[in-house]
Each structure stands twice: as C-alpha cells, then as structure tokens.
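Here is the structure we will look at, set down as structure tokens.
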Amino acid sequence: MIQKVTFYAALGLLAMFVLVALLGPYLIEHDPLRGSLRARLEPPLWAGGTMEYPLGTDRLGRDMVARMVTGARISLTVCVVVIAIAGSIGTAIGTLSGYVGGWLDRVLMRLVDLALSLPVILLALLIGAVSGPSFGNIVLVISLVLWSQYARMSRGETLRVKNEDYVDLARTSGLGHAAIIFRHILPNIAPSLIVVATLQVGVVIVLEASLSFLGVGVPPPNPSWGSMVADGRSYVVTAWWVSLFPGIAILLVVMAVNIVGDTLTDRINPALRGRTA
Amino acid sequence: MSLLSIRNLTVRLGRAAHAPAILEDVSLDVQPGETVGLVGESGSGKSTLGMSVLRLTPPLLAEGTSGEILWNGQDVLKMRGKALRQLRGGEMSMILQDPMASLNPVFSVGSQLGEALKRAGRADLQAAAEAALAEVNIPSPAERLRSFPHQLSGGMRQRVVSAIGLAQEPKLIICDEPTTALDATIQFQFLELLRALQKAHGMAMLFVTHDFGVVARICDRVAVMYAGRIVETGPVREIFRNPRHPYTRALLAAVPSTREAPDRLPVIDGAPPSVGNRPEGCAFHPRCPLATDRCRTQPRMEPQAPGHDAACWHAKEVAAA
Amino acid sequence: TAQDDTLVIALPTFSEQTMTPWSGSGQRKTYLDLVYEYLVYLDGDGNAEPGLAESWELNEDGTQWTFNLREGVPFSDESCGTVTAADVQYSIERIIAEDSRAGPASTMRRIIESVETPDDMTVVINLSAPDFLLDTGYMGEAQQTGIVCRSYVEGLGEDADTAPPVGTGAYVLETSVEGSEITLTRREGDHWRVSPEWPSISFRAVPEEATRVAMLLAGEADIAPVSFDSIPGLEEADISIVSAEQTWSPVIRLGGIVQTDPARHNPDLPWADVRVRQAMNYAIDKQTIIDELFAGQGTVANGDTPVQAWADVPPYPYDPDRARELLAEAGYPDGFDMVLRTFATTPGAELPLMAEAAALYWADVGINVTIEPGDWPSIRSEWTSGEAWNYAMTHRGFPFANPENGVEAGFSDRSIFASFTSAELEELLAGLASETDRDARRERLTEIGQYIRDEAGAVFMVLANEPYGVGPDVGDWSIDTAYVYNFDQAGRAE
Amino acid sequence: MTRLIVGRLAEALAALLLMSLVIFLLSRVTGDPVALLLGDSATVEDRDRLIEQLALDRSLWDQYLTFLGNALTGDFGQSVAAGRRDALDLVLERLPASMSLAAVALCFTLVTGIAMGVLAAITRGSAVDIVVRIVALMGQSVPAFWLGIVLIYVVSVNWGLLPTSGYGTWQHYVLPALTIGTFTLAAVTRLVRASMLDALGSEYVKLARIKGLSEATVILKHALSNSLIPVVTFMGAFFATMITGAVVVETVFAWPGIGRLAYESIVSRDFPVIQTVVLVITALFILANFCVDMLYLAIDPRMRDRG
Amino acid sequence: MSPILSTHGLGRTFRTKGGPLHALTDVTLDCDPGRSLGVVGESGCGKTTLNRLILMLDTPTAGEVRFKDKPLAQLTTNERKAYRRAVQPVFQNPYSSLNPRLRVRKIIREPLAANTTMSRAQIDARVDEVLEAVGLSSRDADRLPAEFSGGQRQRIAIARALASKPELMLLDEPVSSQDISIRAQILNVLKDLRDEYGLATLFVSHDLATVRFMCDEVVVIYLGRIVERGPANVICSAPRHPYTQALLAATLSADPDAPEMATRPQGEIPSPLAPPSGCPYHTRCPHAHDLCKAQRPQAQPAEGGGTVACHLVEQGGW
C-alpha cells in the first residue's frame, strides 16, 4: 500500500519534471542566460526577496526560476542522450557477446572490466582539456563510463534468453541470427535494460555535477542542475538558495526515478533486484 | 487425542477479509505414528498448509492466517519465541521440496547438521553427526561432514536434509514433495529410507505430494486438496478403491500405468482455477460432469464411510458410478 | 591559532613544493619568503629599501649595478656562516641558469651578462642592456632571487630542491608534507629585519575556496586568500578582510592582433578594426562589475597591469550608445558572434564570472558571445604557439614589479605571449629602451600607456585587490602587493 | 589456482599496457607543459630549449616506447612541475592517504549499508523499509562536493565537532569518508536488501527455522552470510567509485591523496605524473579486483571447486 | 519402407572443465512413418542432447543423423527447408518455449513463413486450423502467451509444430511439467493427432508409464548409451536389462496393492564425467560380476523382440 502510494507519487513527480523540461521556454518570464549584476544573489520570496524573482537570483543576477527550468531541460537532455548512447552501444556489445559467446565473449567482457577500471573523472578531465568542455564531451565521457553496465546486463540477459526454448525453436525453424536477435532476444531483454536506464538517470545527473565542479561540465552560461550546484557551492552560507534548489531538484528526480526503477524491477524481473547500477 | 489437529485453517493473502484465500476452512488430523498423504495439483495450497503448521509462511500470509493448529492441544498459531522454537525442530520437523536449495551453500554439511544436533542436546557432536549420516545411508559419513552442499548429488543432499530434519527426533515430520526433484530410481530408494526411518523412530508423517504412486506406496491415509480446500479424506485403500469426490475419481483415472495402454486417458476438462479466480461454491463444479445448480453453494465434508469424508453434493452418485 | 602558538595560513596551492628559489614558480614565495631573503625590499609605494644589500649604485648608462652587502647576517645553518658575495653571486647565477624554472629567469638571462665579486661584501652585476630598475625589478622581494647558502646547496647537488632550505629569513622549515602541510618555526635570537611574533607558521594546501572560508570561520586557519563573494559572510563572522590593493588586473585579451607578426595577425577579425575594440571597451559597465563581482575591491582599469606611470590615463567609460555607434561605423551594426574562452586560476577565481558578465553587456550591443571554459595551460599553450587566434580570452594580467617588463610581455612581438602589437608601438618601446633618463622614461611609459589605451589593445576591466580573510587571533597584518609575502610580520592579538 | 593467478596477471598486464597507451596519447594531445613552465616573458628560444630538455620534440612513438621501457625498470620519469622529483615517489608518497581514506570509506559504506539493507529487508514493505531506502538514496543523489561542503559548514563550523579539512588524526577521516561512502551507500543497501530478501525467502533459511534456530541466528548467520556474496562481487566496483570520488572529495577536504595529485598534474600537464598516477590507480583497481576474487573464493565454497 | 529419420552411431562429447563428458554414445535408431518410438532414461542420460542433435541445434562428435537416408550435413538449402518442415519439436517447458512478447499467431506462423512459400492468407488460415486441431479457438490467435495456462501453452506449442504439416514430431518430455489432469489432456491430444495425421513420433520421457501409453517401441538409455530396446509392452512388463527392471520397479503405480518388483533400484547414478568401465550399469547392478567391470556388453537380440546390452542376458540369464 505504502509502496503503491510512493510509486505513483514518484511517477507523478517525474511526469511533472519532464513536463517542465518540455514546456520550459513557455513557463519562464526571464531569460535564463541574462541577468542583471545589480540584482545578483537576491534571496527567494520568503527570505526577503521580491515577486520578480520568486526563487531568488544567482551570482550574476539571473532568475533562479528560469535557470531551474532550463536546467531541467539540459540535465534531462544529458540523461536521455547519454542513456541512449551508452544504452545502444552497451546493448549492442553485450548482446553480441552473449549471443556469439566463445572468445569474442571473453574479449568483450575483459573490455567491459577494463572500462570499469577507467579512472573516469581523470579521463573526463583529460578529454575536457583536449577539446574543452562541451555538451558533446560530457555526453561522450559519461557514456564511456556507463555503457559497460548495459553491456553486462544485456550479456547476462542474452545468455538467459538464449537458453529459452523459443530461441531454439526459432533456430529449428531456420531463422537467421539477425531475426533471432531482433525478434526474440532484444524484445525480451528490453525490460531489464529499461530498469537499468531508469536507475542510471541519477548517476548521470550526479556525475555531470561532479564534472561541473571540476570545470568540465556543461559549459556556462547554460545551466544544468549539476553546474548550478557546483556554481553555488561557495554560497552555501551566504546565498544558500543558489545551490539548494537545483540540489533539491536533483534529489527529487533521482529518488523518484529510483523508486520507479525499483518498482519496475519488482514487476518486470525480480531476479535483477539490486543487481543494477 | 490427535497429535496434530488442524481446525478451520484459512490463509489469505493479507489481513483483509476480502483478500484472496489460498487455503480455506481446512481441517485435518494426524495421529501419532501415522502417515497422512496430502495430494493435489500444483497451486492447490499443499505447501502453504505444510508451512502454516510450522509457521513458516511469509509475513503476508502469516497476517492472513486464521483458524487453529493444535499440537497436543496447544494452538501453534498462538505460540511465539521460545515455545515456537521448541516446537520447530524439536517436536515437529520438515523436509523441503528442493534438495538443491535447502542446504545453505556456504556452510559445510557438518556445520549445518551440527546446529540441529546441538539443539537436540547431543554431547559428542562429531560422533552424533556421523551416526546421523550413516542412518540415512550416506557412505563414508566422516568425510561427507566436511563436504559442502554443492559437492553432493541431489539424492545425497536430500538424505542430508532428512538427517537434519530427523536430528532432534521429532514426533511429526512434514515432507513437502521431497522426491519431486529426484530421479525415479533415487526417489524409490529415498522413499524406502523414509519409511524405514519413520518406523524406527515411530514418527507421524504428513507427506505432501502430487503423485498418487507415492501416496499408494507409503501412506496410511490421504487428504485430497483442490483449490485451497480438502475435498476428500480417508484411508488409502478406501480412497483408491472407492473415491467419493468426482475430482479424486477423475484424477485417479487420469494416471497412466505401465500395465496397460488404453487408447485414450479419461480426462478432466479445463484447468484448476488460480487463487484469485476460484468459482463460487464447490470450486470443482465448472469442470465436473455431475455439476448441478446446487454445486454453486459450498458442500461440507460429510462422512461417506468410517474415516472417509468427502465434500460433494453428489458423493452418492460418484459411488454409484 | 593563538593558544598553540601557530599561525595557520590556508593557501590554494603549494605549487611545486620545491625549496630552492629556482626550482619552480613564484607561487612558492608564500612560504619560501619566510626562509629566503632578498637584496632589496620594497616600501609601501614600491620604492627600494635596503635588504641583504645595504646600499647599491648603478653606472651612468644603466649597465652595471654594484650591491654592497650587509655584514654579519647569519644563515640558519651554522656551517654556512654569514651571507657573502659568493652566496649572492651563486644565487643569481643559479636563477638564470638554463635549467632554472623561475618565472623571470628568461628575461634575467637576457639582461644579465655576468656577476662578479670584487670582494667578500660586494657584488657587481654586468648587464647586456641598460636596466634602471634591476634593484626592485629582479633583485627585490617581489621576485624570486632569494639568497641561498652556496656551500649548502652545492653540497646537496641534485637533492637541493627537496632538502630543507637554508636561508637568512626569520623562520626555518620544520616539516613539509607533500601536498598537505608546510610548517616553519621561528629562529632563535633577534633577526636583523623583522621581529616575528608567531613561534611557528603552518601553511595548509586547501584548493577549495569554500573550505578555506570554512577554516577561517571555524578558527582553523588564521589567514587565507578568499574570493570577493565570501567577503560579506566573513565580515559578519568577525573575520577581517585585508587586501593587497590593485595588485592584479583581470583583462580580456583579443586574439589575432599582433599586427607586426604576420603569423599572429588576422585582419579579417571584427576586432582587427580599432573601433570595434573601443566599442567592446565602451560596452561594459566595469564599475558595476567591480561593485558586484569584486565586492567593490578595485578600480576600473585603464591598462592590463597596474603601472604607476599610467595613473593619469583615463579608463574607458561605460557608454553603450557610443559602442553601438562605433560598431556601426566599423560595419557591424548588428554586432557579430565571437568566442570567449575563460578559466579559473588561484587567485583569479572570478575570471569565468567576469567573462559571463562581459558577455551579458556585449549582448546588449549585439555581440553574441559563446563562452568556452577551459584551463590555463591549454589556453596558454595555444596562445603562445605563434598563430593568429580568432577568439578572445580572459586573462589574469600579470603584475610585474617592473612595469616595463609587463608592457613588453603583452605588447611586444618579441614575447611569445604578446596579444597586441603595432609598428608604432614597437617604435615607442624601442624609444623607451634607449632612454636613460629616469623622468623621461616615465613620460615615455605614460605615452605608451595612453597609446595602448587608445588603441584598445585589450578589453581592460579591473585593477583588482587581492583579499585575505584574517582571523581574530592575528593582530596587525597588512599586505601591500602581490608576490610580496610578509607573514613573518603578522602580529598576534592580545 | 596457479592458472587462475597467472591468467589474472596476464590480464592485468594487458590492461595496464592498454591503459598506459590511452593515457599517454590522451595526455599528449592536450598540449604540452612547456608554456606553463616558461616565464611570462619567455622567448621562442627559451621554449625550444625546454622542449628539447623534456624530449617533447621526439616522435610520439619514440616517447611512448622510451616511457614504457623505463617504466618496466621502475622508472616513471621525473615530475615536470614539481622540481625534479621522481613521479613514482610523488605518487607513492600520496598513496597512503588515499588508500586509508578509501578503506575507511569502504568500511563505513559496508557497515552502514549492510545494516540498513538488513533492516530494510526484514521490515520489507513497511514504512521503515521505505525510509531506509530513501535515506540511502539521498546519499546517491547529492553531489559529493556539495555534501562535503555542507558537512564542513554544519559539523565543523557550526557545531565545531570535527576539523574542516586536512589529514592526520582520526577526526580528519570522519567527514571525507562519510562523503565518499555516502555515494555508494545506496548501492550497498539496495544490494544487501535484495539479496537478503532472496535469502530470507530461500529454502535453506526455512530449513534453519525448521531446525528451531533463533531468529537472530537465522538472519545473521544463514541469510546474511549468503547475502554478502553479491556484495563482495561488487566491492571492486565500489572501490573504483571511491577512487574516482576521491578526486572531488580530496579537493574539498584538502586531502593529500592521489586523486588530487592526479587532478593537479592534469591541470599542469605534468605528463610523467599523470601517467604514473593513472597507471597506479589502474593497478590498484586490478589488485582490488584480484582481492575480491580471492575473498570470493574464501567465502563461497562453490567457487573453490571451479577450475 | 525407408525411415523418415535415422541416427547412426550418434555421439556427442562435451568438453568441460572436468574433462570430456560423453553425453551420448553410439546411438542408432530409426523413426519410421506412422510409428512412435519412445526414449526413456533418467535425468542427465542424454535425452535432450539427442533431441538437439536431431534438430541441428548441436552437431554430433560422432556418427550422423540422416533425413530420408541423406546425412543432415549434406542437405541442400531446399532439402534443409523440407527437413525443417518435416521434423517439428515440442519441448518440455511450455513457459519457456513461447516467446512472451509475440502473439500466438506470430508464434505459429514463424516456421511457416521461414520454410514454406505459403501466402499470408494461407498461413493465417492454417494457424486457425491447427489451433482448432489442438482444442483452442481461432480467437486465441491474437492473445499473448501470458494469458494462457500451462496446459494451453503446451497446446499452442503443439499447434506450432503441427502447422507445417510435419512427418515426424520430436517430443521432449512434453507433459512432465504438467499437472495430472492436464497431462492426460495433452497426451490424448498428441495421440489423436498422431493417429489422425499418421505422424511418426519420437517421444522422450523419464516416465515408463507415459511411454507405455504413447509408444509402440521403446529405447532405454543409461549414461548416454542404449541399454535395451524393444516393444513397449515388453519393456514395461518383462524388461530384460537389470536397469530397465530397476526403472520399472521405481515407477510407482497408483495402486496401494500393486505387487513389489523383485529387482529394486540401488546405488547412486555415477557422474557422466567419470563413467564406470565395462558395463555402465555395473556399479548399481545386483548381478554384476567381474566381466561386467571389464568389458562393455554389446547389444544382442533378445527374447520378446528388440535388443539388450547385458553380459548376463547374453549368457542366458542370471
């Protein structure tokens, strides 16, 4: 019962965030990139601020509401793109590895192990230093970290599905490998991958925040929640709202996504419980 | 007095009164030294019944349990803490269905057997453990005590599980399909062993199975379950020769035999209902050739012959057929 | 803190954490200045005062300097005795040696021809070109020519860089924990120059500014450089702010306008036109930026480095209309797109913020800026690779103790770093170089400043202060200018 | 057993080799350290001389092979930025700080995560379960640097309980370990809860109850011992997260570890140090995974009988 | 008449970490049109391996499978299609043999689309036809497997096999996961279909009683080798091989008064990784003597029909 309530609450929250991200530009009054230095670090409404900036302003006098909304757009876009890229690469490698087996499997899985041992943040810094921080780089770097999770999961799931009798049956019908993979394997491993994807949303957002902290995150002036928290860290005491609001947004999204992910795991494939992300 | 007396046991999926019931109004007695078979198809609630007796059901089902389970006159459902632990292992024990999963993979056979023997207050654990393994026909017991479960074959594991179950010399042992996972020849040997041990220790046994062959071989009495209820109980021969419930009769007829090869097997149409979808009244009526409107109300267990009860409005017709 | 007699100073970085003057950057002066001393010290106005040299003179044409050393200044290691001409000669030769990593090494190498020691207490430096500011410019406390003990260093050979340093300063190194903590203790007896009140001084490397501020608030650190935005919070908590005034100059440099070097010149850039450069200067409300981002701690800049001779050169006022006019005249009535690269240094955390602020103002006049954050090494190595760049970058203008050096570094095509040159400017610089009269030099320098300002050789922003948070246990302490660290003069509160 | 170890070693070497190449190339394309080392008014000749000194004028292959050859003899070159210090010395000097922090953080995550996971599992579906999981999740959704700074302000500045930063006494470990450990807490809790639920529903736990063992023995001995196996398999991954998290946390807490060294060396393009640091981290990771495998063998008898 | 399918000295050895595992050795059998052959043996004796070899899901390490006297390896593409139409399997687990993401129609259509030139409309008509043949309705074609019970799923699997009008059905324990009441239904359906279409069947099972009901002839396998073969009634009433006798004794009949068999099973099943020398059954055989340990008995024609591989039977009984 409690579980059901939290699940729907989480789902509602997520829907709201997605809606905000989609409708972003129509919801905001101020330009998220433009501010007025004279109005910098204005507190939120209830802490002595004005109606003009209900959630206050940041260190360059930009409207926090506008930046939060735009941040939702950017952060969620990063998530979606990263998960799409890491997901498709990882799934392709994992499925192939599991389906073909043999030495290919061994080599690919070693590669996955190696990917896990990459000191990610250092790589990110290096890559960031090579070509400067950009949306593309962040996506690249985070995908580089996350693909291995999909590879592992899809390999394991492929091995499981491959042993299902319907795959053997398809083979006895003379179906080609591609047909078997696309018709029989991928649709059946998809639910588990979706669970991984939901659980990774949080990882992506937080990783992006850490990269922003180190100066290789989403480049300014464009706000992501992560870079907003990073920017606001020097104001934890003097202007708490700068980092707190995006921080809370991250917290809520990550928790909601995890609750949804957990519930989905329970429903889709309880055997995966806890084995992901 | 019965050793175990189950009275109107109902187990629902949760506390709510309207929650689907896995077991409904089940009553069953086991006398000292007797072997009672509990047969029924998958999902009929056999394991739930067995586990309820030892209070092993998961929290959801434990919440939804009502009725009485009397052990020597005391209600097991009201026991807690120490009394319950005294009962488990000590007076009542259980052998589970899956020999592969019932042993903890990370502890040696010796340590798992030792835990049980220690509770039984044995002094020399090593010797006692060896003796216990020897009793279940495990060769070179001393060596085996050091083995881990994965190093044993299925049959051997099941024998270790029985040794653990019997370690505290219980008065009643509940066996939940202990042979289903075993090969035919191994099953045969295990059943023989079980029967011998039961005789030697004078235990009563509640034997859960779906295999009429097994029942015929080892049981004194049988209870047939369908959709969460006991529909017929009676002495083995009586049930096999003279079933009074159409379900029992149809089931017995549907079992193929090595002795003859009929052209077709008599069948029961349809499939057993799942827990949430049990029909009103007699749950068997949608599949029953004898069903009438009356069957939409729940029949009660009525005596058919000495010690033979059945819950069917048409028991007489079954007998006549 | 007070009760345990240790002055704790939290620094963003120890840089190399090597211990000889020539084995690394000037950032190490924060701790090395307590150990090594200089021939010359500076007063509050930047004038030379005697240091290890009691007096000095230069010849007519400014090519030979003679330093007379102070008698009886003992090194911290007894075996070294007192400072002699040989020690000074060795220190200078070492800092201009080929493997020297000191900041001014290459210019010094160019200027200094030889160092001689006519007697034990006299050092003569022969120059290859006239230099009238050698005393404060290269031998002073703002630079890296700390005097080491020759016998000690030679005895250590290769290990000297990491061995405990031996100098004449009031403190000696106690421990140095890599990347974490450097502790120095006060030497026994009276010191010729200072009378330190703190028995020991401990430096902590704390890269994160928020953590440094927390240390000040928690009383764990007594002195720490802080960012301008932290000032209000610190003041509320009774932490006082001590600033080195106008010591650095955040500036925006424009690529591709080294006009006298074809390789580094791109006439197609919008800002190849002087009117565009002027417009970019007019378009920014620098005073507001100072008030808001620099907590009012600075003045509007008229050049890229604080030079006294430029005191009367007027900065560009904020005049967006004039900016639009100039842009239109130059053929960019609708503005243009540009890339502005930025990075943070320590100190200098405000640069990215400043970039964003400049972009805000430029957007008002139609200049559409894409900000690309990066890091100093890569931007710098690109900038100095000898090509024309089509972007602008924020820069922490360098405070040269010798302003002529600063001018040369930024505006002469001899410097690999130069950002703007012109034939006219090269002439002006040549004129300055050949001038031997002090007052005339000053005039020529002013002229150069005015020229660079009029040509808008960069987008000048702020002559900024460098603020330090100072805890209640510290009594009297002030800091005059960057690269001059006087933690040995910090007082103790009652 | 020997075969396992030899195979592991070969794999480790291959991984290190691959990593060294990746890092080498990546660091070289990020520009050279020369500009950084040169004074502000350096000339073209100064630059060329330094390039020669640092051997940056030779071909990349040549540089790489030299590096590799030297590395095999234990010579990882000298730091470009930090005087002429041995890169390996620099890294090894910082290693204890990082390792001890990772160890403390790992202990914290494991102890707390296991406790929370067990609690959540035995109260499954109740409010306690949900609260535990949400608390664990919060750790995962707060960026480490932010948590670190907030902890510093609350615990150190406001309450004055612990030092804000630095390295030395046990008090110094508390906040950084908490910060790093919090991130993996959710993962451990989730894992333990899940495997605990599996174990609690398993037949062998039923059998343990049938024997009449006390609830504590059943949960802590029979269920938990099995639930720890997946935790062990994931320990390598946790370790990687800790090392990665170290870059950020060491910066916030001024912790003199290799994370910060790596960051600083990247910023100053100190190639020898970058290479050494990354290789050491990779080696550590491989070592950690090897230990995990050994641990696995120790606690799961089923593994011991596999070739 | 030539058999539809035959195996000749078929063997499969798996390479495992513990050494070579002889899952199947020297298996020779024929599947004639209209005949039904049963293969009986306990877990791990190689029944599924035999099935997979026949279905070309695995390749033999010895011997070969022939389709109408032509080795499978030599079939042309068209012949292979014909083979795939002619030989259709039904597996044990109805939950795993239907792709949960495909609707019933697609599941049944798959072998037709792949191996025949039938038009879409023809295929759809055929789907409806076979669904009705197994006792389901054409409405069921648009539902997902999850909506069916285990018994119904097994019917769908049978319909799928029937769709391409096979000549031989390979049944790998098709009822052993079913409840008693469902088991009888499926067995009846299979038997009816077999009779109606004149199908040959190869019926694999561990249960002698089911085999007796379904088959004409029975092959008994122990540790990958055929130990006895013969008419079903002989095997199930008067088996000659001691293993078959033990198996029969262990097949408990649903009759409390059934007579006890003389030969009772004893001992453990040896690991296939370390099979006994000589006769594979000698470790459990009550009559084993030295020859049994030393030398492997050859299959000999036996009284009552079929063959037996046992030294004692060879020597005229024990």
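Note that the chains take the letters A, B, C, D and E in the order they are written out, and that residue 1 is the start of every chain.
Just so we're on the same page, contacts are C-beta pairs under 8 Å (C-beta built on N, C-alpha and C of every residue); 3 or more make two chains touch, one makes a residue touch a chain.
Quantities reported herein were computed from a predicted structural model and do not represent experimental measurements.
Participant: Just tell me the minimum hop count from chain B to chain C, counting one hop per pair of touching chains.
Facilitator: The fewest steps needed to get from chain B to chain C is 2.
Participant: Give the chains in contact with both chain D and chain E, ordered by label.
Facilitator: Both chain D and chain E are touched by A, B, going by the contact rule given at the top.
Participant: Where the centre means the average of the CA atoms, what chain is farthest from chain E?
Facilitator: Result for max centroid distance from chain E is chain C.
Participant: Does B-D or B-E have the larger number of C-beta pairs in contact?
Facilitator: Top pair by contacting C-beta pairs is B-E.
Participant: In whole angstrom, how far does the Cα centroid of chain C sit from the Cα centroid of chain D?
Facilitator: That pair's centroid distance is 38 Å.
Participant: Please work out the Cα centroid separation of chain C and chain E, and write it as a whole number of Å.
Facilitator: Using C-alpha averages as centres, the distance is 89 Å.
Participant: Counting in whole Å, what is the centre-to-centre distance of chain A and chain B, each centre being its mean C-alpha position?
Facilitator: So the centroids are 50 Å from each other.
Participant: Round to the nearest whole Å and give the separation of the Cα centres of chain A and chain C.
Facilitator: 43
Participant: When you check chain C against every other chain, which residues touch at least two of them?
Facilitator: 210, 217, 375, 377-378
Participant: Which chain E residues reach two or more other chains?
Facilitator: Residue numbers touching two or more other chains: none in chain E.
Participant: Touching two or more other chains, which residues of chain A qualify?
Facilitator: Where chain A meets two or more other chains at a single residue, that happens at 129-130, 233, 236-237.
Participant: Taking the complex as given, what residues does chain C use to touch chain A?
Facilitator: 209-210, 213, 217, 227, 229-230, 232-233, 285, 288-289, 291-293, 341, 343-344, 352-353, 356-357, 359-360, 363, 371-375, 377-378
Participant: Give the list of chain D residues in touch with chain A in this complex.
Facilitator: 11, 14-15, 18-19, 23, 26-27, 29-31, 125-127, 130, 133-134, 137-138, 140-146, 149-150, 153, 183, 186-187, 190-195, 197-198, 230, 236-237, 240, 243-244, 247-248, 251, 259, 262-263, 266, 274, 277-278, 281-282, 285-286, 289
Participant: Chain C touches which residues of chain D in the complex?
Facilitator: Result: residues 30-44, 46-47, 49, 53, 81-85, 90, 93-94, 97, 145, 149, 152-153, 156-157, 160, 163-167, 251-254, 256, 260-261, 264, 267-269 of chain D touch chain C.
Participant: Inside the complex, what are the residues of chain B that reach chain D?
Facilitator: 51, 54, 56, 58-59, 85-90, 93-94, 96-98, 101-108, 112, 115-116, 119, 148, 150-151, 161, 164-165, 167-168
Participant: Looking at the complex, which residues from chain A come into contact with chain E?
Facilitator: 164-166, 168-175, 183-184, 187-188
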